[in-house]
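Multiple structures follow.
What follows is a pair of complexes built around subunit A, which joins subunit B in one and subunit C in the other.
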Partner chain A sequence: MTEIATEVGAAALELDALDVVYRVRGRDRQVLRGLTLSVKRGEAYGLVGESGCGKSTAALALVQYLPRNGFVRSGAIRIDGRDVLSLSGSELRRHRAKAVSMVYQNPGAALNPSIRIGNQVAEVFKVLGVSGSDATDRARAALEKVQIADPGSVMRRYPHQLSGGMQQRVIIAMALATDPALLILDEPTTGLDATVEAEVLDLVAGLQAELNTSVLFISHNLGIIQKMCDRVGVLYAGRLVEEGDTESLLSDPRHPYTVGLLRCVPRAGVRKDHGRLDTIPGFMPNVGDQLPGCVFAGRCTLAEDRCHTEEPDAHVVGAGHLSRCHFHDRAQTLPREFSADLVLPNVDRSVPPLLRFDDLGKVFAQGGHDVHALVGVSAKIWIGETLGLVGESGSGKTTLARTLLGIIPSTSGAVVLDGRELAGTLGKRSSDDLRSLQIVFQNPDSALNRRHQVRRILRRSLKKLSGLTGNAAEARLHELMQAVRLSERYVSARPGQLSGGLKQRLAIARAFAGDPKLVVCDEPTSALDVSVQAAILNLLVELQAEKRVSYLFISHDLGVVRYVSDRIAVLYLGRLMELGPSETIYDGPHHPYTEALLSALPTIDGEPRERIRLEGDIPSAANPPGGCVFHTRCPRRLGAICDDVEPPLIEVEENHLMRCHIPLEELRTLQRGHETPESAGSAT
Partner chain B sequence: MSAMTEAAAGIQPRERDIARRETLRQLAKSKTLIVGVLIVGFWVVCALFGSTIAPDDPLELSDAVLAAPSSAHWFGTDQLGRDVFSRVIVGASETLKIAPLATMVGIIFGTIIGLITGYSRGLVDESISRIIDAFLALPLIVLAVTALVGLGSSNATLIVVIGVAFTPVVARTVRATVLGERELDYVDAAKLRGERSPYIMFVEILPNITGPIIVEATVRLGYAIFAVAGLTFLGFGVQPPSPDWSLQIADNYQLLSSGTYWWTVLFAALAVSSLVVGVNLIADGLQQVLDR
Partner chain C sequence: MALITLFLLSVVVFVMAQLLPGDVGRNVLGPFASQDQVDRLNDTLGVNRPLVVQYWDWISHFLRGDLGTSLQYQVPVSDLLGPALANSLKLAAVAFVLVVPLSILGGTIAGLKRGGITDRVITVGGLSLTAVPEFVTAIVLILIFGVTLGWLPVTATAPEGASIPTQLEYLLLPSFALVAVLFGYIARITRSSVMESVDADYTRTAYLKGLSQRQVVGRHVLRNSLLPTIAVVATQVGYLIGGLLVIEKLFNYNGIGQRIYTAAVNKDFLLLESGVMIVGVIYLVATFIADVLYSVFNPRIRVQGSE
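Coming up: the complex of A and B.
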């Protein structure tokens, strides 16, 4: 471990050969394997890895807050030069209060719901011995520092009265209040919208530069890591497999796992007709598996015999760049798992569309108010194409999907399938209509009945949707499982026994049980790791190529939407703001809202776009702004016309609809500054 | 925290399989549960084999009236000279027949009503829930005494009356659980393949809420024992000459005023409380493991 040079005394955090085990049923299961890393003062260090790799365990070990069955077996943790493992109870409490702060993923759960924000922030100072009124003043100052515009009113509010982004700002204010030697951010923006995420990240980056805080940034998102961190470590099965400067590691990865991970992400410009996404075969080893050789050997296509038996040293492959791979010089030649070719049939738009929604509206009655969740949304989907649907949370994406499916009835407008208007509710739809429209939900844990076995789940769908029973159903069941590449040995498993990716495959198989014409994919990969996401996206695209099924693909990840979609619809406050072919939507000129969404996207390609900041939160649908609904946040607002007159949705160029007062040519000029090379649509 | 611990521990999918065995293992490790099972088990054995364990016939009269505890009569004798120890040993049998059956009646009807109200919501839920509220406003004893006077006292009516009295309480608990469960996407998925409401309620949702129902059943069992004891004491429950604990207390409690014949009441009272405590310990133990 001596290869990793640390400037003694200068590091905010030093981990030295840290082994952490969880004792499960009397057996020690190793979670962290000799984790060695250091975060220098003022440095932002990114720890990246997929779920189950030990990221969160590392964070918990740092503050000595492991679950009761977790132990540090060997190694050392030094924060600001102090050996954390040797601290006694009261010292540890002081250490936690002063030296280290942590920001968790879910800000709503990190704040006490029954204490006003002011008192909660002031409490941090009171713990440090500041008196009552001083503490309040300092709380106000802390909130101002995280750019909360009106701290006075925020301090009087309860956590549930704040948006997620505001809550996370409050948490960050509390975390920084003590001027900690180390700030740990554990997936701090994972639950937030892209626009809010970008704001929070900007804030953290600004504060970090200003206060010179040392940051350990834990994330699964390479784009965010690139934006936020000076150095990055890649964690796999509890071992740091590669470490280096963010720039050099991402541009010149030297470990097959890093190479694979980078290839899994749909890069800007890559679309489904460019070929399949690369995936990492196999699964992460189970916690506690004996791994005598390289931890990644079981999934590595470059692995040779010695990889399975001999643990690789940390090879220095560049300045401050380490790789734990015997063949680090060949890592980038990692063969692709799939041949990239995939032939997609052309979408024929000269025929009538498969599905059309005309002027669809949905009003919810909520506490005496009418909430307009959807306002006059019209779009068409042709056979074999994918319509991407993007927008922030609260924009009406899910309402649109549920209305279309008939889970909730629409208030106005119609859904027309194959030229026939569909009944508003499921009870009135024919079984033929039911089988034609299916959905893959975001969260397979919620979408699959945890008490039913795989066979039962699929057999029931086959019976209800295809009318198959007995041997015919059994035969079709195996076909279905094969189609989604769900191994037959899982046929008697319950969903809880499957991994996230396998569960989603099962959910997809269920949706395809009745040979649907259109499948709504509601964020089907957002609960999954990137390598699994790539495999699921490949599967969906393959099924489309084979069965000519159409998708309505909802996602907040614009990179994913771009990969799968032929056309894209942008929704804001229940209104369609822009609709067009995905290339047009991405390359611009685009609606100012689309522009803001795209600029918020953390990307690992080239220079990031210039950030277009959106001010404030998405307005309430119960009380939408007059005129153009976007005018309250629009960075390109013209003036009074935007406040008073709602622009119509017009075809600004062929197949490209937009709802904006600014003429297309002017948008083109305005947005030219943000054109980046990626917009040219390079394939690899 | 538990979800986080689990994620942090990286419990891998295949290990979830073991999670169920783990639940059983934790149940076996719960001291609360073990003590509860031992106490209740003891009384169940006594109820089943009481007549062979008991040294004397619990119904046999003798001349030794109101004898103090001694080596001949460990717990003394009552007003009619019957051996109190033998009567305590067999005194659980009626209660242990009536209480579980009454609980079962309450759980079955409560689960059905709870599923229907929780799943349908809207008008159905509103009307049934108001009826339940009205029902719950009446004290159990008043309700039961009225019904028992009207219907005549027998073990069967006792079971039905207590069961019906428990139904609204169980229905409420089940309804609350169903409200959370029906929001899960698998319910929508079932609707999307055209399933009818009864199928969704009983085949999709019910298997997922068995944990809370089991816990509710054990809690109710404790209350059912109380209810049987209370009604018997008032004279509406188990009828003489049964050696039931509450009957013993009812028969002898007036002797307490003299201050000498405490043994005629104390041992039966201890027996009743130990059984209720035992059942509640089981409920606590189950809750800790199942309701995590």
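Coming up: the complex of A and C.
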């Protein structure tokens, strides 16, 4: 560390023993604990950690925009050699205008809704004293730089008229406009579709190489960090527990937390029948907790007495590789999750399916236009299996789930459960049907009544779905809580007192109150940290093994979908593009759209696949392209036939349906170059 | 939608007016007339006909712009309401011109200095003033500025032929009473929407661009926080007119509130009903203007979706 500090020429960023506290009810609660790191010029430094570890606080401290109760208690921040903490008001403004820029997590909220894009970008230059028309010209140039097509028209628009990806490009344009010494990216692609995420990351990587900008990249996603960063720091409870070159840190982690974090992520090729995912037991300490020893000791299965009392030094474990662990040399021996053998149900596909979508269609009337949200979707789900549903936002995933649940009626076709056609709306369905089909939402916060205690939430579901009251309900309630591993002591807690993972367990318990036959899981883990995500996925798989329940699993995270799904359906503009067993969908040959989705996935293992770029955004369902709906973005478009004739969904090989004009064998040849060795072996 | 509201209002007002105690003929002729005379007058006025017939008679004429004849004064209702309405609008306009900038300024300052002394003075002070009924505020104001200090006249009506500044002087005290009632409400709405914009991500973006606080507030915060305020201000027009009723009575001012009040006391049906209807129309027009303003200022409503 001291090496870097004495180097000639200031680093882009230097944090020196930074302590940040939040003052809550007169008490200082420590968020950052002696954070020391430096970002060299032209370097991309990744700061990884789960929610609550202090990574966003670090970013806000750098730009001196902490919440009003947040203070830097001690330590130093130097950006481009300047001590940020001692800047006066006007110096700080100048510093923000020139030296440091930030790209935020939620681009839609970061742009002013009532100012035209052009004016918002031009403002960056006006602050530096550039005159009106000059600023406009430079704003246009800045937008061109981030590859926005037709910047002139974009400049006249308001933020709500742009897609999420475009909004983020605008923010990036503003951030890089003044060639800052340091660019902070705080979860810049969270909430964007995988294909858009990949585009934004490509753009940032390209511009960074071109402008030689120094970057502090904050993310919870190790795959993205690997793709984007030269060095990584792992932040836990406000302390940097490990730091090193991306390559060596991810391949040879020396802190138990890093080891655990890496194991939580569903790796390529791992499926539920291969065993459970690893998790990190316990919870991150609360902000302000007194932690005399190692910050991770409370959750570390390697911890000994010494870890709880004595703070570990930063041990040098390799070239530029530091670990704050007393036992860094055996961090990788961290015991794996106790993996009791799961007996997954054998899916018997010779019997009639549990659920069938029969040529399902949904048309919304919107401002005089018909929007075809679903077009002729047919699929089957058998007892005990999981059908994964993937596609970009706007592809019709949610509409399909809602139609299935009876929240909205379909306009054509039918949903058939156990051989009976279901009524279109909830009100007309029998209580048996309601009980059979349940849902777990993405955001448990808004799905659970925050005024009710856990007991009341579950008792209500038990009464509504199973007609249980009194002692019978109470007994079942405890069974349910046990089934979802929700400790008894939470029975009188309200959702607000539970962590995100516990809330999702409660939501799952609620869905299982009536012994459902099929549960729709709508992005159930995308709001959760990876370690919690792993635990929730384990739980869903365990419940499936126990109760032979079927899932319709919707997610934009293809790694997660692969882990839980037996078969996968790919939707695009309301049409089924591909449907088949998980391995087939992942190993290929794939539909060109699936191929693009997979190549956009940032992964932490193996060689990255060659990126297949998709041009532009998903077209509007109100005005879908003629012919094959994907032809406008398809990298493998054949020619006129794709523009004019919509290909049928046909069985190209056993159990593998695809909607493409290109013959399977040709796709196999075309895609051979991009396959992972493992899958190339299986494709004979 | 607005038409349905007006229709319902007309029915409610009509029925309520009929429920008022007292006899029209008796009110007009006084206690010494014979019952026979009273009955004959009631027949002439048509107040003995079935309610539906009376309602139809009134509303059909009202819609054609014929407000009827006052039972009490035997002159066209429009001759009575017209000047009264003009007087009321004058008073309302003065109050409005005072309260809007004052309360928006107060609310903005409170929102920017959240939690500070200034904020507390404005919020608590405004709320207390709103909570006190207007007749109390008015009497206190009269006692202080009119009686004790003698700075302002205690009535609202200027002498015949007075110059505009003098007329304004007479209107100042009753306006203050109205301002006191409305200030707290508008200021609170402004404060909360300013705070919401201050906390918004786009405000952070603006600060991190290196703009000064003045620029951030002027260009980014106010533009977004005044939107909801506009809607609230316009709905207060209706409230203002309701407040006029009491204030006009207290300051002995010849406005529409005073007219409606007297009409209710005298069971002067047509005057009462038409007066209330006019207030209703004004309220709806104000709300409509608020909606139009809101969409003019809000690009998300003005410019539909993405292309």
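The rule is short, and it goes like this: the second predicted complex is superposed on the first by the 667 of 684 C-alpha atoms of A that agree within 3 Å, B and C clash if a C-alpha of one lies under 4 Å from a C-alpha of the other, contacts with A are read in each partner's own complex, and residues count from 1 in each chain.
Quick note on the criterion: a contact is a pair of C-beta atoms (placed from the backbone, for glycine too) under 8 Å apart; a residue touches a chain by one contact, two chains touch by 3 or more.
Predicted model only: the values in this text are computed from it and were never measured.
Chemist: So if we stack both complexes on subunit A, do subunit B and subunit C clash, or do they fit?
Modeler: Aligned through their shared chain, the two binders clash on subunit A.
Chemist: Determine, under the contact definition given at the top, whether A:Thr57 touches first (subunit B), second (subunit C), both, or neither.
Modeler: Only subunit B; A:Thr57 stays clear of subunit C.
Chemist: One more residue to check, A:Leu405. First (subunit B), second (subunit C), both or neither?
Modeler: first
Chemist: Which partner reaches more residues of subunit A, subunit B or subunit C?
Modeler: B
Chemist: Is A:Thr333 contacted by the first partner subunit B, the second partner subunit C, both or neither?
Modeler: neither
Chemist: Regarding the shared-chain residue A:Tyr65, is it in contact with subunit B (first), subunit C (second), both, or neither?
Modeler: Touch status of A:Tyr65: second partner only.
Chemist: Please indicate which partner A:Thr669 is in contact with in the superposed arrangement: first for subunit B, second for subunit C, both, or neither.
Modeler: Touch status of A:Thr669: no partner.
Chemist: Between subunit B (first) and subunit C (second), which, if any, makes contact with A:Arg93: first, second, both or neither?
Modeler: The second partner, subunit C, only.
Chemist: Just to be sure I read the superposition right, which of the two partners does A:Met174 touch: subunit B = first, subunit C = second, or both, or neither?
Modeler: So A:Met174 only meets subunit C here.
Chemist: Once the two complexes are overlaid on A, one stretch of subunit C runs into subunit B. Is it 25-33, 97-105 or 133-141?
Modeler: That would be 133-141, the only stretch with clashing C-alpha atoms.
Chemist: Quick check on my understanding: which residues of subunit A belong to both its subunit B contact set and its subunit C contact set?
Modeler: none
Chemist: For subunit A, which residues are in contact with subunit B within the complex?
Modeler: 22, 24-25, 29, 31, 51-54, 56-57, 60, 66-67, 69-70, 286-287, 402, 405, 407, 426, 431, 434-435, 437-439, 441-443, 446-452, 460-461, 464-465, 496-500, 502, 510, 513-514
Chemist: Under the definition above, what is the set of subunit B residues touching subunit A in their complex?
Modeler: 1, 4-5, 7-17, 19, 22, 25, 184-186, 188-189, 191-195, 204, 207-208
Chemist: Please output the residues of subunit A touching subunit C within their complex, sorted ascending.
Modeler: Within the complex, subunit A contacts subunit C at residues 63, 65, 93-98, 100-102, 104, 106, 109-115, 123-124, 127-128, 157-158, 160-163, 171, 174, 367.
Chemist: Any idea which subunit C residues touch subunit A in the complex?
Modeler: Interface residues on the subunit C side: 200-202, 204-212, 219-220, 223-224, 227, 297-300, 303-307.
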